[in-house]
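So, here come the structures, one by one.
Shared between the two complexes below is chain A, which pairs with chain B and chain C, respectively.
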Partner chain A sequence: MSGYLESQLIILCLSIIYAYGIFLPAASGQLNLGAAGFITLGAYASAWFNASTGAELPIWLSVFLAMLFTGGIAFLISFPILRTRGVYMVLATFAFAEVVAGIVINVEELGAAAGMPVDGHLDVTVIVPVTIFVILFCFYFMSTRLGVALRSIHDDENVATLFGVNVRAAKVAAFTVGAMLMSLGGSLYGHHYNYIEAQTFNVLLSIYILLYVLMGGTQTAWGPLIGAVFFITVPEAIRGVAESAGIGWLAEGRFMLFGAFIVLLMVFRPEGVMTRTLQDRMSGAILRRKQTSIDDAAVRS
Partner chain B sequence: MTKNVLEISGMHKSFGGLKVIDDVSFNVSHGSRTALIGPNGAGKTTVFNLLTGVYAIDSGVITVDGEDITHVLPKDRVTAGMSRSFQNIRLMPHLSTVENVILGQHARARKLSSLMFPLGLLPKNDWRLSAEEALDNAGIGTYPGEIVANLPYGVQKRIEVVRALVSQPKLLLLDEPAAGLNEVETNQLQELLEQVSDQGVTILVVEHDMQFVRNLCDHIVVLNFGRKIFEGTPETVHQDPAVLEAYLGTDDEVSEAPHAS
Partner chain C sequence: MLVIQQLVNGLMLGGVYVMVAVAFTLIIGMLNFLNFTIPALFMFAAVLMYATMTGTLPFGNDLILLIFGTDYRWIAGIIVALVTIALASLVIERFTYRYMKAKYGDATEHALPLVSSLGFLIIFEHFVVSTWGSDPLTATSPFGQGTYSIGTIIFSIPQIVSLTLSLIVVVLLSVMVKATKLGRALRAIAERPDTAILMGVDVGRIVPVVYVITGLLCAISGVLFTINYSTVDAYVGDTVATVAIAGMVLGGLGNVWGAIIGGLFIGMLEVMSIYIVGADFAKVPIWGLLLVILVFKPTGLFGHTLIGKGKF
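After this line comes the complex of A and B, so read on.
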């Protein structure tokens, strides 16, 4: 694999992990613009655990401890934050991320504004399997009764309550598990590039990740995967095609075309690319095809 | 004496200065099919909302099967044995038929191991099969995987009843289950409810369709302006002067029974 493709693959994998972290609360209707905050916590916590033990700690253990740490913080802040709704929750989570960045930039032990070197390298042979594991975990998570409960909360919180769903607990669980996934992504980032600084994890990153999820669709576990793959590969693909075709202005201005894409997507697929209905239609078509071939076989025999 | 599944005594509820429910008391005996009727705005749906905890009660006591649930949290009332359907369909639009029914099972599956069981990944598991069976029994087994938003109104109404039923309630609260249904659909609904009642589930139904109420119910409670004005059998309800007055006014010429309004 060429260096360029490998670096793109790493970015794609990290984006997918981040996107699933935002997707879990989004599936229950909670908009979280605090991705950068949780990623920062994960990246710095695992770097710090690693550094403070003189790189004695195995990388997987410091990554795991960072997940627990971030999960703990997310659990604590979820109670005030989940009292807010809609755009107010967007603002509250955004504020949280700003607070995290503000703290990191002012703490000398974490390298302050100069950033922090990270010991222990993780390459593509670790990051890709971990990403696949995260994807499978999220498909499992959404297929459970808790997943059904989260989707119910998205549709009608009050009715979900009347059928015995503990709405608060379900929301806290989704928010916390999502934060732990983002922490994992942040740790992988740190251990891959071996250098982290708070400015990398800015609000633009949070916005992009939320966009991956909303564009991909929050109704099925396919959404964040499709959204992240689309956002990461399409601009690069446009550049590749434009460069090989010798259209310089398109290669430079590929985000203009991409922006137009997004507008069209919002017009024609306001609930995201992958909706529940679309999934049913596709799987229904496959099932029907199977059924007819079985029927045909029965007729022939 | 038959045991009461539901006992309401001295129920009060005001919104601001408006007394919506004013000292309402009645009992629903085990296995009965009770109707709660009254003109528009009488407070029927408010009674349901107080029973299920959507609104907090001002004063009074509610017991379900002998258990005082007056101050039990809404999410725990379903485990006390009470489940409801809604006047306006409130199925989850983005969930399939079978997933809506699976939501109805939630009260019986609140252990962590049940919550984390991958219902969606295993095509044949007990929860899913029992949900499909409940739909089959109600005669709507043909659409298990479909998104409910795309189904006919009458079918959605019956799915609401099935969703309420799979929590295995002692008391089933139905808020205008026949509203907006045509004759065929109403008959199908009645059949389903009779079948449910025969299995020992007590039914309390709010309904305007008097034909439906007379066919289904054995006991009637009438509310008007938040007060109970009548309690008795369907045979005597249309002879009661207070009920006639509530529905038709005080014209002496009128001797018609209350009917669909």
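After this line comes the complex of A and C, so read on.
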């Protein structure tokens, strides 16, 4: 694999992991604009656990502990943050990310504004399997009882309460597990590039990740995957085509095209690319075939 | 004395935040969504002002030079910025608020205009980056460095002018919302758009007016920003708008006077924290305050609970 493709694959994998971290709360209708905060926590915690100046733990253990650490913080702040709704929640998560960035940038032990070198290295052979595992985990998660509860909260919170769903607990769980996934993505980022600085994880990153999820659709677990794959590969593909064809303005302005696409998608398909209806329709053919064979079996017996 | 000087500087900086905070609060109060095109419009106005003053517009530089001459190009800059932003606001309205209601009931449907406005933010930022580059752009202020001092406290004259101007604009606006027919229609829409239609309010015509008003607020403060601080770049809107959001939340969502006081307070808080704990740490007090307010008193200091509770 060429170096360029490999670097793009890494970016894609990390984006997918981040996107699933945002997707889990979004699946219950909670918009989290604080991705950068959790990614920062994960990246720095894992780097510190692993560093020779820190706890000097093996790399897999430090990634795991970083997930627990971020999950713990997410669990604690989820109670006050989930008291807020809608735009207030967007603002609160956003403020949380800014507070994390502001604190990290002032801790000398974490390299302050200059950034922090990370010791252990993880390359593509680790990151790709982990990403696949995360994807499978999220598909499984959304099919569990909790995942179904999240879907029902997403569609109508009051009705979900009436049917005995513990809304608060489900939301806290989604928020915490999402934060742990983002922490995992952050530690993989740190261990791959071996250098982290808080400025990389800025509000633009949070916005982009939220966009991947909302563009892909929050109704099914396919959403973040499709969103991230589409929005990482298409601008790069446009750039490649435009550069080889010598259209300079297209290569430079491809993100303008991306922005225009977002606006148009919201006009024509506000629920995101992948919806439950579309999923049913796509799998409908297979289901019908199964149904007929069951009917045939019933007739034969 | 130094502390008082810092407070004055903070007040001046707050003047920039006030208009942006009022723009945010108007859209949230009237239309119930967080409009991320506001940073884009602010930044675009600031950059247009810079470009007109330095003659780096994509086209029309010679014409402007011919009409206004070198010394008065700042007037042209104001006109170009205001007109462009007003037109852009109309286009943005067409693609955000009109599509607020999803066809199928969906808990994240309130995010639709938010997402579209993020799309516009990306478009504007990358337009500016691909036209003027991503480096900071510096223009010389047409008014020089005029200062006025009382004792040892120094006031910069352009800053005083812009603070006064922004306060006047905002006061006029809040009178407009309270006393005029348009203002009454706006408050009706804020209460409940469907009922407003039944009461004979032409929502389809009023909403573009709100967009143009907020767009012009951003444009004015963007232009003043270029004149005062003379350095702009494609991301200046993000920095200013995030702080302005904090000011808006502090004052209470949907409350114009709250946004004024919140904006000024946040400006002073920022300057004071830079003065006391240093520039790197300045973010923490602002965002910590925002987080605390959101969690414990989401209505802010002066907000009322009606707006932003239902859908948002």
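The working rule: the second predicted complex is superposed on the first by the 280 of 301 C-alpha atoms of A that agree within 3 Å, B and C clash if a C-alpha of one lies under 4 Å from a C-alpha of the other, contacts with A are read in each partner's own complex, and residues count from 1 in each chain.
The criterion applied here is as follows: a residue touches a chain if its C-beta (ideal position, glycine included) is under 8 Å from a C-beta of that chain, and two chains touch if they have at least 3 such contacts.
The structure displayed is predicted, hence computed values, not measured ones.
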Partner chain in contact with A:164 - chain B first, chain C second, else both or neither: first
Partner chain in contact with A:103 - chain B first, chain C second, else both or neither: second
Chain B versus chain C as contact partner of A:263, first or second or both or neither: second
Partner chain in contact with A:80 - chain B first, chain C second, else both or neither: second
Partner chain in contact with A:204 - chain B first, chain C second, else both or neither: second
Chain B versus chain C as contact partner of A:143, first or second or both or neither: first
Per-residue contact with chain A, leading partner among chain C and chain B: C
Which superposed partner A:121 touches (first chain B, second chain C, both, neither): neither
Contacts of A:91 with chain B and chain C, given as first, second, both or neither: second
Partner chain(s) touched by A:155 [first = chain B, second = chain C, both, neither]: both
Footprint overlap on chain A, where chain B in one structure and chain C in the other make contact: 154-156, 219
Parts of chain A lying in touch with chain C, wherever the complex brings them together: 26, 28-29, 31, 80-81, 83-88, 90-92, 94-96, 98-99, 101-103, 105-106, 112-113, 153-157, 203-204, 207, 210-211, 214-215, 218-219, 249, 252-253, 255-256, 258-263, 266-267, 270-271
Chain A residues within the chain B interface of the complex: 139-140, 142-149, 151-152, 154-156, 158-167, 219, 276-277, 280, 284
Partner chain A, residues of chain C touching it in the complex: 28, 32-34, 36, 95, 99, 102-116, 118-123, 126-127, 129-130, 238, 242, 245-246, 249, 253, 280-284, 286-288, 290-291, 294-295, 298, 308, 311-312
Residue ranges of chain B touching chain A (in the complex, touch as defined): 52-54, 74-79, 83-84, 86, 90, 92-96, 99, 102-104, 106-107, 109-110, 114-121, 127, 145-147, 150, 163, 167
